[in-house]
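Below: one structure in C-alpha cells.
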Amino acid sequence: MPSPSSLPPEFHDIAKRVNNWGRWGADDEIGTLNLITDEVVREAAAEIRTGHRIPLALPLKEDGVQSGMIPGRVNPLHTMVQINQEIFGPGTVACSDDAVTMGLQAATHWDALTHVSHSGKVYNGRLADSITAHGGAEFSGIDKPRHIISRGVLLDVARAKGLDRLPGDHAVTPEDLDEAEELAGTKVGSGDIVLVRTGQIQVYLAGDKHGYGYPSPGLSVRTPEWFHARDVAAVANDTLTFEIFPPEIENLWLPVHALDLVEMGMLQGQNWYLEELSTVCAQEGRYAFLLSAMPEPFVGATGTPVAPVAVL
Amino acid sequence: MPSPSSLPPEFHDIAKRVNNWGRWGADDEIGTLNLITDEVVREAAAEIRTGHRIPLALPLKEDGVQSGMIPGRVNPLHTMVQINQEIFGPGTVACSDDAVTMGLQAATHWDALTHVSHSGKVYNGRLADSITAHGGAEFSGIDKPRHIISRGVLLDVARAKGLDRLPGDHAVTPEDLDEAEELAGTKVGSGDIVLVRTGQIQVYLAGDKHGYGYPSPGLSVRTPEWFHARDVAAVANDTLTFEIFPPEIENLWLPVHALDLVEMGMLQGQNWYLEELSTVCAQEGRYAFLLSAMPEPFVGATGTPVAPVAVL
Amino acid sequence: MPSPSSLPPEFHDIAKRVNNWGRWGADDEIGTLNLITDEVVREAAAEIRTGHRIPLALPLKEDGVQSGMIPGRVNPLHTMVQINQEIFGPGTVACSDDAVTMGLQAATHWDALTHVSHSGKVYNGRLADSITAHGGAEFSGIDKPRHIISRGVLLDVARAKGLDRLPGDHAVTPEDLDEAEELAGTKVGSGDIVLVRTGQIQVYLAGDKHGYGYPSPGLSVRTPEWFHARDVAAVANDTLTFEIFPPEIENLWLPVHALDLVEMGMLQGQNWYLEELSTVCAQEGRYAFLLSAMPEPFVGATGTPVAPVAVL
Amino acid sequence: MPSPSSLPPEFHDIAKRVNNWGRWGADDEIGTLNLITDEVVREAAAEIRTGHRIPLALPLKEDGVQSGMIPGRVNPLHTMVQINQEIFGPGTVACSDDAVTMGLQAATHWDALTHVSHSGKVYNGRLADSITAHGGAEFSGIDKPRHIISRGVLLDVARAKGLDRLPGDHAVTPEDLDEAEELAGTKVGSGDIVLVRTGQIQVYLAGDKHGYGYPSPGLSVRTPEWFHARDVAAVANDTLTFEIFPPEIENLWLPVHALDLVEMGMLQGQNWYLEELSTVCAQEGRYAFLLSAMPEPFVGATGTPVAPVAVL
C-alpha cells in the first residue's frame, strides 16, 4: 500500500505540464514511443550515410557496473551448463550452452515505464499495485513496446562545453541541451531518441564503480519539459542514475524518473556507452543517425538489458 | 578432452568446400559477419520503404519454448527484487526492479560460433578446449560481433510451397531455397542475413512444446554450400533445432551446426517468430528489409537472446 | 492489498480452536518450535539406540519434483563456475566451484510460517503486507528458527493400513493418525516433530511428476486440531501439497496450510523421502528417533531446502 | 587438460604420508566420513547433556561474506516469486514463494572432496576431468555423503592462546591444536568432526569483507598429518580460506586443500560461525557435543551451504 505522497508542490507543478495520461487513449501502455511513426522511421533511415555502425552497450560481465549499492541489481553471472558435450555419443558434434542470472537493469538498459511509481500510480494513471511478484508489471512492462528504432540524436553536452566529462555535481539543464543541440546542427523533433552524453561513464571505465554512481552528473528536474516540448520518444545517457545524483532539491529523490516515466510515459536508458559515438560524430560533424535499441521482451519486466547500435 | 571424431567422410567432404578458416585472418573471431560492410548496410537502408517495423522475438517468459529436453537450457525465471519500494522514505518516488535467470539459448537467440565444436576444434581452427567454465569462450564468444544489422531476406519456404507449415520430416534443400528466393523476387547476396520460414513455430504457439522440438523440419546438410556460395552473413529460422531433426543421415547429429558454425563461421538463429513478417511480406510482395538483430554482449557466451526487428 | 476473506465459517471455527497468536508473546516469530525445549532435546537424544542414520532429502537436481505446475518454483539449476581452474598458475592446485538457482520450496523443504496468509494476516496476527519483494518476510522468515532438532516420530499411515501407499483421494484423518500412533508404539508429545508417511512419493520416484502432485493424498482439515492437542512442534510428509489435493471441501483451498502456518504457527515440511525410514522403523519395531532438520537461514525467506536426518 | 604438476617435493612428501586412496575401496567416494560409524554416533549422542543447541551458520543474504574476490562465488540473491498471491481466487488462502541464486560455497559451507584437484587427480585417484559443466562431479559430489552427524570437538585455538582472535599471519600448527585439545579436555578421536576457531570471522562481522579474506589466519600445511593421525572425519573453521592465506610457503597455494580433500579425502568446512559456541563451551568447561551438519544433496556439486548445529 503506497504511503501518501510527500512530493513538494514544485514537483506537482511540473508534473501537470508534462503529463501525457490519456493522450494515446486509456489503454495505452507505451507512452511517447507512439511518436515513432512509420514516417519518422523512413526519415531516420535517410540519416544513414556511411553505413558505419557503432555499438552503445557495455560488455555484460560479472565485473560490471553494479557495486552492490542497489540491492538485487546483480551483475551478470554467466555460467556454462555444457562445454563441448558430446550429447549424441563420443566423436559426435559437441555442444556448449550457457545460462545467466542478472539484474535486468544491471548494465546498459532501458527502464520500463513501470520502473518507478509515485503517489500510488504508474503511467497512464494505473495503480502501482498492478505490479506484483507473481507477474511483474501487468501494464507497461518492457515487453509492451514491440520495437524501438528511430532517429537518434547525440546531444554531447560535455563536448559542447569543451569538457571531457561533466563534473559530478553538474545538473544538465535545458540550456545545456540547447547548446548541445546547436553543436549537433539538427533540431530534435517528434519521435527522436535523444542520447545525452556527460562523459561520466569514463569513471567506471577507469575502475571506480562507486565514483561512477555517486556523485554523478545527470539530467536536471527542468529537462522533462524540454523533452516534452519537442515530443521526444525516449532519452538515454551514460550514467548510472540518469538524473543528477544526489538530487538538486533536498529530499526530492528521483524526480526526473517520476516525471519522465510516470507523467510523460517516456522511456529512459542508462549506462549507455557513448564515447566512441561521440568521437565519430565530432569527426564527421553530424550527430544524427539511425538508432536501433530493441528491448528484450521480458514479460512484465520493469527494465531490460539493451544492445543499442547507431548507424551513421 | 575431445573424443576422436566419428563424423563420416561425406561430412568432411562438405566441410572442405565451405571452410572459411583463415579467410579473414588467423585472429578473426566473427566469420561471415565480416561480409556486412558499410556498403552492404547502406544498401540495406535503401530497403526501408514504408518504415513499418515487425518484431521477430518471442516473449521471454517462464512458460517459454523449452520443455526440459535440453538440460540446463532453462526458460526465463523473472523475479521482482523491488516492488514500489520507497527507498528514500515514505511518500517518495518508489522503485521496482527485477532479475532474471535463463538459458542464453532458451528463446529467440543467436548461437555464437562456439556453440558447437567437432573433432576438438571451433571456428578458425582454434581448440575447443579454449572454452572453460571460468571464462566461457575465450574466442568467438557472442560479445565479439559488435553489431548485427544488415539487409534481411525472408525465404518463405512454406509459402513458396503453398503450405501453412512444412511437415516435421521436411529437410529444407537448396532447391527449396531457390524456390523461395524466386518468390522473394530478389537475389540473396554477400552480407545478407537470411530468414528461412518453415512455419514450425506454430506448433509451439498452439501449445505443443514437445511437438515443436521433435520432429521438426529444418535445414538440410546440403544448405551450407548454398549459403556459402552466396556469402550469406547469417541465417535464422523459426525452429528449435535449426536443422532437420531427427537428422537426414542416421547417427550424423547436428551436421549443419558443425558446418555453419565451425567450418564457415556463420551465425545461426533459432526460435525466430516469422509469422507476422511472412504475412506482411506476402501482402506487400517484397521480402527484403533492414534487419537489426544485435546480440547482447555477454562476455564469453556461446549464445544470446536477441530481439530482432525487420524494417520494411 | 488482500481481498476480503471468503473462507467459510467452518474454517474459522477450527481456526479459533487451534490459534496460538500471543501464546509465546506478541514478538514471537517461531510458533510451536518454542515447544522444543532443552529437556525435549535431551529426551530425543535418548532415542538414539543403534546410531544408524537415515537421510530424508531427495537429491537436488534439475530433473526434480517440480513439473512447472507452480510458477516460479523452479527445480535446481546447478552450474559450474570453475572446473579445475588453476587460478594461481599452471601446475598449481586447481579449483572447482558451482552456483545454483532454485525455488526454495522446489524439493525437500520446510515452509516458513509466512509461506501462506489469509484474511490479510500471517502468524501471530501480523500484516501479510509485511512481506515485500525487497526484504521478503519481515517477520517469521525461515531464518528465525535458529535450529530444528528434536524427537521425530514416524506416523506410517500407509503401513498401518497395510498399504504400500494411500490412494490419491485419501485425506489423512485424526483417526488415521491414532492408528499409526498405535503402530508406532509411542505417544506423540509436546515438542515432537511428526513425519506422516503416505507413500505418495513413490509416484514421483516412478517418474510421474504430474501424478505425484495431483491427485494426492494428504492431511485432512481435521488434523490441525490433533497436532494442536499434542503440542507438536512441526509436521512433515512425503507429498508435494502436504494436504489432500484437490481439497476435501469444495473451493476451500489450502485450509491446512492456513491453520498450521497462520493460526497455530506450526512449520510444515513437504517432499520428504520417508521410504527408507519406513522400512527400517518396521524392521526394528520402533518409530521414534532423533531428527535433525536445520533450515538454511535465508533471510526473509518463506521456505528453505532442508536435508533432514533421522538417527535411530 | 591439466598442466603438469609444479607442486614442490615437500608437498608430495606429506601427501604420501596422509594419502587414503584405496583405504575404503576403489569405489569409495566419501573418504574419512567412513570413519563415522554407528558406534561413533552413539557415543556422540552421549555428549548431549543440557540439550542446549547452538547454530553455526551465518545468515544467508545478499550482503554476505563474498566480496567479489572469487569469481562466480556470488552471495545469495533471494527473490520473491509470489507474495500473498491468491492463486485460487480473491479471498482465498494466499501464497508466498521465493527463489535464490547463489554460489554453493558463498557462505557457511562444506567443500566436497572434488572442490580441488592437483596433478590431474581428485580423491581416490580419479581423473579431475571427470568433473564437467554438464553433470558436475561424476564422483565424490556433495550428494554422496548421505549424512554428516557425529561428535564435534571445538579446538578453540584463539582462546587457548588467550586471544580474541589470531592475527592475520598466524598459521595454526599441530602444536596449536595440541594446546587447544588440552583446553578442550578431551582427546580428538576417530570419526570426530573438529571445529577450529581462529576468531577471524569477527573481521567480517565488523563489516570488513576484504580484511576477512586476506590476510587470514588458518590451518598450516603441517595440520593434515595431525588430523590424519587421529582419523578425524571432517574439519571446519571460521575463515574464508580455511588455510593460512597468503600461504606459508611461497607459491605453494592451497596445499592444505589439496592434502585434505584430494589425498586424505577429508571434508573441509569454511565460514562457520563459532563465536557463540566458543562462549558457551568456555562457560560450561566442555568442548565436545553432538554436531549435525547435513550437506544439501546437490547432485554433482563441489560444495554446499550447510546449517550446522551443535547440541551440548
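We call the chains A, B, C and D, going by the order they appear; numbering starts again at 1 in every chain.
Please note the rule applied: a contact is a pair of C-beta atoms (placed from the backbone, for glycine too) under 8 Å apart; a residue touches a chain by one contact, two chains touch by 3 or more.
No experiment lies behind these values; they were computed from the predicted model shown.
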| item | value |
| --- | --- |
| Which listed pair, A-B, A-D or B-D, duplicates the contacts of B-C in over half of its pairs | A-D |
| Selected interface, A-C versus A-D, where C-beta contact pairs are more numerous | A-D |
| Distance between chain centroids, defined by C-alpha means - subunit C, subunit D (Å) | 27 |
| Whole-Å gap between the CA centroids of subunit A and subunit C | 45 |
| In subunit D, residues with contacts to at least two other chains | 71-72, 74, 77, 79-83, 96, 99, 101, 129, 132-134 |
| Parts of subunit D lying in touch with subunit B, wherever the complex brings them together | 1, 71-72, 77, 79-81, 83, 99, 101, 129, 133-134 |
| Subunit B residues within the subunit A interface of the complex | 2-7, 37-42, 45, 48-55, 57-61, 70-74, 76, 78-84, 86-105, 114-118, 128-129, 131-133, 136-137, 143, 146-147, 149, 251, 253-255, 257-258, 290, 292, 294-303, 305, 307-309, 311 |
